[in-house]
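Heads up, there are several structures right after this.
In what follows, subunit A forms one complex with subunit B and a second complex with subunit C.
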Partner chain A sequence: MVLFPVTVPLSRPLAASGRSTLAALGSIGQASALFAGSVRALRDIGVWGPLLLPQMARVGVASVPIALFIAMFTGIVMSLQASYTLTGTIPLYFVGTMVGKTMILELGPVLTGLTLAGRVGANISAELGTMRVTEQVDALETLAYNPIAYLVVPRTLAGILMFPFVVLLAIAMGIMSGWLTALQLLDMSSPEFIKGLRLFFEPWDVWFAVVKSVSFGAVVTGIGCFCGLQTDQGAEGVGRSATRTVVVSSMIILCLDAFWAAVLL
Partner chain B sequence: MERRREILVGLVVVLGIAVGVVGTIWLQGGWRGDQLMLRAASPSAGQLVAGASVKFRGVAVGRVESVAVVPSGEAVMIEMSVRPDLAIPPDAAVLVAPESFFGDWQAEIIARDEYQVHPFLEFPEEGVLPGVALPDFSRLTATADQIAGRLTTISERFEVAFTEETAMNLKNLIDNLGLISDDLSKMISQQAARFDELAVGVSESARELAGAARTARTMLENADSLLTDAGVGTMLGDAGESMRNLRTLTGDMREAMAEMRAAAQQGVTTMNRLEGLMARAESGEGLMGRLLADQELAEGVTTAVANLNTLLADIKDNPTRYLSFSIF
Partner chain C sequence: MSIQLAGVHKAFGPKKVLRGFTLTLREGETAAIVGPSGCGKSVLLKHLVGLLRPDAGTVFVDGRSVGDLRRRELVELRRKIGFVFQFAALFDSMTVAANVSMGLRRLPGWDRKRIAERVGECLGLVDLNGLGERFPAELSGGQRKRAGLARAIAASPKYLLYDEPTTGLDPVTTSVIDRLILRMRDELGVTALVVTHDMTSAFRVADRITFLHGGKARFTGTPAEVRTAGDDVLRGFVEGDPALYYGL
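Right after this comes the complex of A and B.
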């Protein structure tokens, strides 16, 4: 302040920018440290191994109903909107093509990822944030447990392992619901829909969805763990962490979606 | 609780794997057993990709397994798997063509003699079917673009050529055509009148011809009656006699001609001899030759002849001078 007596009004936004930048860089550094710690903690299989299956059930199995629900209605809407868009010179069997391609390549993984960012990411963040503000994490460290191996690794691995299966089931549900919608509401026949479904199908499309869902699983659970462990200021901080987890996870999911499309397609 | 959790996780994992694997296989066209592999070479693949349909007589019988450019770069090798019981025609070829208007292409196995207009690529490798790819929409669009460009050029040239002056010239031309049309109309009217006169003349000529025909018919009838009359026989007999006399006369003339030919031959011979004699005389041979060649001898002979004449005259006048007649 002494150095810039004349530009006091201008120094405030500059200072705010500096603080934000430093905070962002600090967060990146902390996230990198968490990632490095997680990789190191993979050796402590005796710690995270027993916890993996319960986390897989929480992250994967418990997420299947909501994922299928969203995929089912997405398939219905896709089918109806495709028929609305394609009315005219384009044959109706392209409804199958659009439903199949869209569900496999885009809507299945991304909508499931966004949904699980809200359900799983917020859940993990709130859980770990509560443990942090109630000093349970500190207690683990006191008991010589590695909190990363105990809390982060099983959740992140569960997300990485279970997200692809949830996404595959969601894709199947979306295609099935789109198919049924085409049969019941669009006056299409099954051979027509299947012809369109198979028209431009590539096995690589499924692998593309699996790769994306793995990355989404890592992002959602990893950011949930990171935000949860960064929680402070009591219950209010827990809520902020949960919100932050959902927002950041959703943004990164969409960024990754564009990244994988640019890299793999 | 732990057991239930394990079952649920296992169920989700198995279901996810099953959905992924079975769904992929099903969307690729289902699980297929042993397949017959075919290869075809084409100058181009168009929009054909692996997984596209292979059809035979419009029925899907397999799919394209791979599409790749051959190392020499002169063709595209298309590998296809088809039903093993497919009876492929002996002159089979592969036609790569759009399956619909929306970018999906297919490879169709065809009998080559049914598509003779297409330039199939003959690849120098055994077991490779000849193939050809129809032009895709981009090429058709490019051709249409060329046509459009040429039409634009033509329209621009027409615009340049069709000025106001051209329009005026065209108007004058049309006016002139109108005048020409009027003149032609008048001329046709005049010609029509002349044609009427000509028709009248032709009609009269036809009547005269009809009269002449009637006269000729009458003459022919008379000639016919004449030919049927008995006097003709006499006339024919006389004519035969005349012919015989004429034949005799001809024979006599032939003999006279032969004699004349012999006389002429003799004349020629005589003339040849005379020419020989004259030649010898001119060369101074014989008496005549010497007389011709020797002036003195000729004068001597002349003198001798004159003396002989004098002698003969004297003998006539005075025979007793030279002759004495006595009986005993």
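Right after this comes the complex of A and C.
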């Protein structure tokens, strides 16, 4: 008689956490199955091959303007904040060092990755989610297509191939805008900025950015496809999948960012 | 060899949709499965093309158990089956002609010219001549259904499955779709299974009608037998009488 009112409220959060754990484990299993299916579907080049270039244009080329826009303002802010931080203590040419290092190692890949998680990941998720709820994915299967080869492989490969391209452009834009800001607003000269830029530059830094962006591309497009194909319950489900894609991709991007820094630097 | 469903059970979580459904289709006939919305009619159709697997029981197509087929065998089987989806399920980023050609592009030995000719033929069969370059969003509901039918028949399937082919259509367009279903049987000689809750349509197109109720085939007979059946639940459904149907 005494326990009953206590056990009921206690059992609810336990049951809820159990359900959440099972759901999370289920999702991991399904994601692993999708990954294995994608690797197998690579053999079906006749299906995904013709779709790769259009997807590269959608995922990569179409993302360049927003990536450049963000990188441009990041470079400006980096330059101004570096100058503010360093004034009176450290030579001003270190502004070039900070802009270059930060853009290449961190802000270029991560900010671009987060931006594309919204632009590309949500787009893929909503598109595939709509195809799922309107039975277009089922229709593909009845027409003897492997939906993974047709939908997942070209998008994921496009992400892996094009994210580094977009990230490198964003890094270049960030450094350029930081340089111009230093020239116009900080009374620095080009030789000074370039001196700082070259001071601690390592070619490996660029490879580090490329490795990170490849992994971000795989994550954003892969999660977009996964969440899209898991969609149910109509328009509401499509919205939920898009949101889930952005949230989960962003979290994994930040985890991978820390992982690569620990492993590669 | 044709299509046979033997004691098929299917549940989604706690909801048991099919509870031992059994049906055999005869070669060349058009059969209809009728029943209220949500009773599992579409679920049944998806079992026939391997989109769903039964929890128990077996689905045979041409004598082979669909649930036991490997991926490659399933692909071969699907080439024999045309599936007309409830809302057409046209790929909205493609033109109607590209939609119709999708299945043909997977067939060995089909070049562009042959595919284009076949697409034209199929669009002609469903009276959509000249609309091949339109996108699905530019079509009416009836045109979309016909485009979905053209896509389903493009690869000359042996079987045609229709999922609620007349849902959401006006009576005239419904009649047009029904005539197309009969035309497919007469001109292409396909064995067809139509699931619908539209009794007028079922009476018009079906050689045999099966009433799906409680997850089982409650009654199977010719349209004339369905009209004269003494089963109150079936009569309630056919006549749209809730008192009879629910036994109130």
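Just so we're on the same page, the second predicted complex is superposed on the first by the 259 of 265 C-alpha atoms of A that agree within 3 Å, B and C clash if a C-alpha of one lies under 4 Å from a C-alpha of the other, contacts with A are read in each partner's own complex, and residues count from 1 in each chain.
As a convention for this text, a contact is a pair of C-beta atoms (placed from the backbone, for glycine too) under 8 Å apart; a residue touches a chain by one contact, two chains touch by 3 or more.
Predicted model only: the values in this text are computed from it and were never measured.
J.: Overlaying on subunit A: subunit B and subunit C, fit or clash?
T.: Partners fit side by side after overlay.
J.: Please work out whether A:I171 is in contact with subunit B alone, subunit C alone, both, or neither, and reply first, second, both or neither.
T.: Only subunit B; A:I171 stays clear of subunit C.
J.: Using the superposition on chain A described above, determine whether A:P203 touches subunit B (first), subunit C (second), both, or neither.
T.: First partner only.
J.: Between subunit B (first) and subunit C (second), which, if any, makes contact with A:M72: first, second, both or neither?
T.: neither
J.: Going by the contact rule set out at the top, does A:A144 touch subunit B (first), subunit C (second), both, or neither?
T.: In the superposition, A:A144 touches subunit C alone.
J.: In the superposed arrangement, does A:F94 touch subunit B (first), subunit C (second), both or neither?
T.: A:F94 sits against subunit B, while subunit C stays out of touch.
J.: Tell me the angle subtended at the Cα centre of subunit A by the Cα centres of subunit B and subunit C, rounded to the nearest 10 °.
T.: Once the structures are overlaid on A, subunit A sees subunit B and subunit C at 160 degrees.
J.: If we overlay the two complexes on their shared chain A, which of subunit B and subunit C does A:I124 touch? Say first, second, both or neither.
T.: neither
J.: Classify the contacts of A:L111 with the two partner chains as first (subunit B alone), second (subunit C alone), both, or neither.
T.: Neither partner.
J.: In the superposed model, which partner reaches more residues of subunit A, subunit B or subunit C?
T.: Per-residue touch count on subunit A favours B.
J.: Which value, in Å, gives the least CA distance between subunit B and subunit C in the superposed three-chain arrangement?
T.: Result, nearest C-alpha distance in the overlay: 14 Å.
J.: Enumerate the contact residues on subunit A facing subunit C in the complex.
T.: 131, 134-136, 138-146
J.: Subunit A touches which residues of subunit B in the complex?
T.: Against subunit A, subunit B makes touches at 2, 5-6, 8-9, 11-13, 15-17, 19-20, 23-24, 27-29, 51, 100, 102, 104.
J.: Any idea which subunit C residues touch subunit A in the complex?
T.: 46, 49-51, 71, 75, 78-79, 81-83, 85-87, 89-92, 102-103, 106, 151
J.: Subunit B touches which residues of subunit A in the complex?
T.: Those residues of subunit A that touch subunit B are 53-54, 56-57, 60-61, 64, 90-91, 94, 100, 162, 164-166, 168-169, 171-172, 197-203, 206, 210.
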